[in-house]
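Naming follows writing order (A, B, C and D), and every chain is counted from residue 1.
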Amino acid sequence: MMNMRTLLLFAVCLLLLALPQFLNPYWTDVFNNIGLYTVLALSLNIILGHAGLFHMGHAAFYAVGAYTTAILNTQFGVPVLYTMPLAGLLAAVFAMVVARPIIHLRGDYLLIVTIGIVEIVRIALVNDVFGLTGGANGIFGIARPMVFGFKLKKPEHFFYLIWGFCLLTIFFMHRLENSRFGRALNFIKEDDVAAEGSGIDTAYYKLIAFVLGAFWAGMTGTIYAAKMTIISPEAFSFWESVVLFTIVILGGMGSIRGVLVGSFLIIGLPEIFRDLAEWRMLVFGLAMMLMMIFRTQGLIPPPPRKYDVLAYLKEAAGAVGGGRA
Amino acid sequence: MSLVQLKDLTKTFGGLVAVNDVSFNVEQGSIVGLIGPNGAGKTTVFNLITGNYVPDTGEVLFDGTNVVGMRTHRIVHLGIARTFQTIRLFQNMSALENVLSGCHCRMQSGIFSAMFRPPSQRREESAAVGRAMAELEFVGLADQWNNAAKNLSYGKQRLLEVARALATQPRFIILDEPAGGMNDHETQELIELIKAVRDRGITVLLIEHDMSLVMKVCEHLVVLEYGAVIAQGGPEEIKNNPRVIEAYLGADDDLL
Amino acid sequence: MEEFFQQLTNGLAVGGIYALIALGYTMVYGVLKLINFAHGDLFTIGAFLGLTLLTSLGLSDHMGPLLGVIALAVMVIVLVGLIGFLLERTAYRPLRNSQRLSAVVSALGASIFFQNAVMLIWGARPLVYPHNILPTTAISIFGMDVPLVRILMFSTSLVLMYALYYLTHKTKIGAAIRAAAIDQGAAKLMGIDVNRVIALVFCIGPALGGAAGVMVGLYYGQISFTMGWMYGLKAFTAAILGGIGNIPGAMVGGLLLGVIEALGAAYISIAWKDAISFLVLILILIVRPTGLLGERVADKV
Amino acid sequence: MKKLIHALLLGLVLSLMMAGYSWAADTIKIGVQAPLTGKYASEGQDMKNIVDILAEKVNAAGGVNGKMVEIIAEDDAFDPKTAALAAQRLTTSGVVAVIGTYGSSITEAAQGIYDEAEVIQIATGSTMVRLTEKGMKLFFRTCPRDDAQGAAAAKIIKEFGSKRIAILHDNSSYSKGLAEETKALLDPASIVFYDALTPGEQDYTAILTKVKGSNPDLLFFPGYYNEAGLLLRQKMEMKWNVPMLGGDATNNADLVKIAGVDAAKGFMFVGPPGVNDLDDPAAKEFLATYKSRFNAMPASIWSVFAGDAFNVIVEAVKKTGSTEPAKIAEYFRTGLKDFPSLTGTISFDAKGDRAGKFYRLSKVNEKGEFILQ
């Protein structure tokens, strides 16, 4: 069973590696967008899918990261990929500051506040806040990223960067899910009073979920800025947040596979419908409703965590007194 | 020595005085019952102890420390655990995971060890699973470990709540109507379980309507009416207290 | 000072419209706990249907402006109510027992669908209502010129709000609606046909949105297929501000949002107007986490 | 896991099918990148319609150099990411040149992709100055630039002798660009108000009340006709009759419909000639065809610039006998002089901008018609 899965995973990775060889630049770029949204939706999945916090303003964090990269690169000449950790960090700090006072809000109240945050960020960008963001025109002339002296330029170059980062993200997210941290978030989603009553610092974990999700979204912002070489406020509208929100819910809250399939559908379908011209968004809206109606819990709900209890018991018995009994 | 001391606790909601100047002590290693007619404020007293509500006035001393104003998870960390009157399990998660939530506060690993998985993380995880399985065993649910909480019977869900509370390694456990929804057979087993909990050195405070259970396990009883303590003492003493009889006959006649 | 009062009336006029749309939002939310993101688009449909009916039937020519407008409003209310009813049946009912956010995504899909349907039916260009229907006179109140239409519009909003309040708080069907809002299971046990209540609410809520659409069309003259999104968001904000699920709350929230916007634009910055109103919203929610009139019960533990 | 694999495979198969799509070279393919959906869908759909009509006419007359013209239209939804995708798709479908798009920041998101793929791009509704300042060899535009229009607007404002000017833009890149270009050329002391409204709303009374408080003798609104119409109407309801001047995006017949004739009367705007001002016989004939087919005139001059772009591309292919982008670009810069097209004669300067000044002042008369001054 385990072997079969590893084998499949390996095959998928190989397939992915070879994909740009078969695709024209347009489809490669579609895959790039799917990859980008997968990473973003995975970062939102921590907040929305695992902790169950109604968050519809994820584009705000993404924007902070992208603008950090754009400003550092165009104003100070810092190479694009070097700005990635800082972009993540600034987005995380921003999330910490804004999420702290609102984290106790419940459900729909949190939803509107997060919508408010993404709108405030967009308005600030449009109004050229601090004279740094270039207003509605945005920032242009962001340098192409260099990887070991190789300049990433074409869609297939970005394909490897984006999907490499995506696989890394999946790897880390998978580990986070199957840990004390991931469990704590799920307890909060299920019943936060009971979670607090079982000794979990719910406010802290909610905040950390926001900060971590924002950190990842901020780093993704760097890749977006590098890929587009120009960024403007339109790219970070409330609608972007809605798209990400939809991917997570449609895919199945808290499910990595779900998010992956979700972004293939939400980002891929409108592209497949392109030949419908003006009709394409109508069909897309209909498809969204139908998918939800027929898969009410999302396309692929998260599987229950597996515990190899026997192995754990053996190990625990081997290390008597290991716990702080 | 008293492990827990409640001093002059008062809590009002709007104009309603839910808890009125309540004081009593719980001795280390004892089993104490908090009884009274419906709406007497028993559960509110519990919520004041665990930090779910903050009292208007008064103190809750746990081992000499005033816990009033502390957040609930801090109080759990200090060693007070509870179960809920209306079952609040994580319904979609397995029995094992429910108990693991109780282990959480005795574990250390954060997001970085989750991502990079050093050996210490795995050791901690296996110890936690081991302890959770031990608690399931203790309440008799070991064979149900992989079942989702929502698939357990009502009585078993109550036991699972007890296991989750025990997993926090408390010194003091408060049980809110643990026998609610249990049949006679299950109630008998619960009595043994409560005694076994006390035998582990854990002090027990419980709310219960089933008076035969209360009389069998409790060494000391505190009676609330309209948010105020009207009597306290040993089971026999309480049984014959005229005020208590009056209070119960006025409201509800299931005393004995 | 005169400018302040002028701005206050400006804000109240816009707020009246926000409030009217917010009412539909809040009603649907109250019973189903569903954020109906398609509500703004039902408002758009109301505006476009109104225009089509008005021009094709020549209502105001046959019946005179006042009766014509009333007849128009009634027709739109019925039609949009019907669309709302169908929407609930097809897109929301299958999701009623699943996690709450699934229905939100379905609502987002419905919003995209309606917006693009309006574009395909009526075209992408903004359309214009005839100008000569409503009176253009202005009334002088405390030295300010207030167009009569604004007063009419504001009072219509108030009347509709009161009618709704009366319906939900003083009638038997209203009691059923409120019962279903509190606990659907218990309401069922009391012999209330919850499905019928929900269907009714899904007629009334969108119908109010449709009525607001006609009002906006008649007054501002210009309607476009994208306008529902912005109005929907504003109405959602208003509903939350007042405490979602609460009818007087939607009223207060809508009016307050309008006033905040007007005063924010007047005394701080026009460009930052929306950011200011969101900031005020956030500050209010930090102090009152369930909105101004939302119930603040402690968590039942 | 199985489902994931299925989904991945499905996506792959679908994309491979699409990837093989059309490489045949027996037609001359011309791309149109336009917002066919989203909030500027009306402009995008007009662009596509105009180019379609012109292409049919060319094909009916035997095509270009014996080859038929094929139009491939791609939606960019007025969104930068979608624009980048549309650009990728057009570059891989073998187009000679791309017409469009509407919106400077959207054009900019696609610009680099066409440049790297060596496809000619002729922007039609993108007036941001920096677009042609990057030295891209294959980028042109048939629409004017913000700075040229700003200069024209400033000149007109000075001629009015306004002492107290209020400038209100809508924070879009077009509107703000024009506002800033104009403001820079005016006496700073004469500007009594400068701020931005939120486009897409309907009630601007609060904003008008505030502007009124600064007591201007001219209101300059370099925004779109929608908001301009509403501003005019609400201004009249407030009984405030300060003259209002708009920019080229207010040049749209719907403005009068929205504002009503009474409120629109006296409104002025500076810009290239509007759709109704086109007096060239070929342009008139074209507009008649358009009207008979779509039952309306093109809403604005911006979509007509797409027709200009189509005409110059056809002309260049004819004259050079080639579909090589480099040769066509060379011809645009050196060979094409005063080519008569829909909106007047077209030449390109060295940067790729449309040469010549063609800004004029128009005013709305008592009947609600736009009259060139």
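One rule holds in what follows: a residue touches a chain if its C-beta (ideal position, glycine included) is under 8 Å from a C-beta of that chain, and two chains touch if they have at least 3 such contacts.
Just so it is clear, the model here is predicted, and its values are computed rather than measured.
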Most central chain, judged by mean C-alpha position against the global CA mean: A
- prompt: Across the interfaces C-D and A-C, which one involves more C-beta pairs in contact?
  reply: A-C
- prompt: Quick one: subunit B and subunit D, Cα centre-to-centre, how many Å?
  reply: 71
Task: Mind checking the centre-to-centre distance between subunit C and subunit D? Centres are C-alpha means, answer in whole Å.
output: 35
Query: How many Å are there between the centre of subunit A and the centre of subunit C, using C-alpha atoms for each centre?
result: 33
Field: Centre-to-centre distance between subunit B and subunit A (centres being mean Cα positions), rounded to whole Å
entry: 40
- line: The positions of subunit B in contact with two or more other chains are 52, 84
- request: Mark out which residues of subunit C touch at least two other chains, giving numbers and ranges.
  value: 116, 119, 271, 274, 299, 301
- prompt: Out of subunit D, which residues touch more than one other chain, so two or more?
  reply: 37, 41, 45, 171, 196
Message: Quick check on the complex: what are the subunit B residues that touch subunit A?
response: 50, 52, 71-73, 76-77, 81-82, 84, 88-94, 96-97, 100-102, 104-107, 109-111, 113-115, 117, 121-131, 133, 145-146, 148, 164-165, 168-169
- request: Using the touch rule from the top, collect the residues of subunit D that touch subunit A in their complex.
  value: 1, 3-5, 7-8, 11-12, 14-16, 18-19, 36-37, 41, 45, 73-75, 77-81, 84-85, 88-89, 91-92, 104-106, 108-109, 112, 116-117, 128, 130, 171-173, 176-177, 196
Message: Considering only the defined contacts, which subunit C positions touch subunit D in the complex?
response: 3, 6-7, 10-11, 13-14, 17, 116, 119, 123-126, 128, 131, 136, 138, 145, 147, 216, 220-222, 224-227, 230, 261-262, 265-266, 269-271, 273-274
Field: Interfacial residue positions of subunit A with respect to subunit B in the complex
entry: 172, 175-176, 179-184, 186-187, 190-191, 193-203, 208, 212, 304-305, 307, 309, 311-313, 315-317, 319, 322-325
Statement: Listed in rising order, subunit A residues that touch subunit C in their complex are 48, 54, 101-102, 104-109, 111-113, 115-117, 119-120, 123-124, 126-127, 193, 197, 238, 242, 245-246, 249-250, 253, 278-279, 281-282, 284-289, 292-293, 296-298
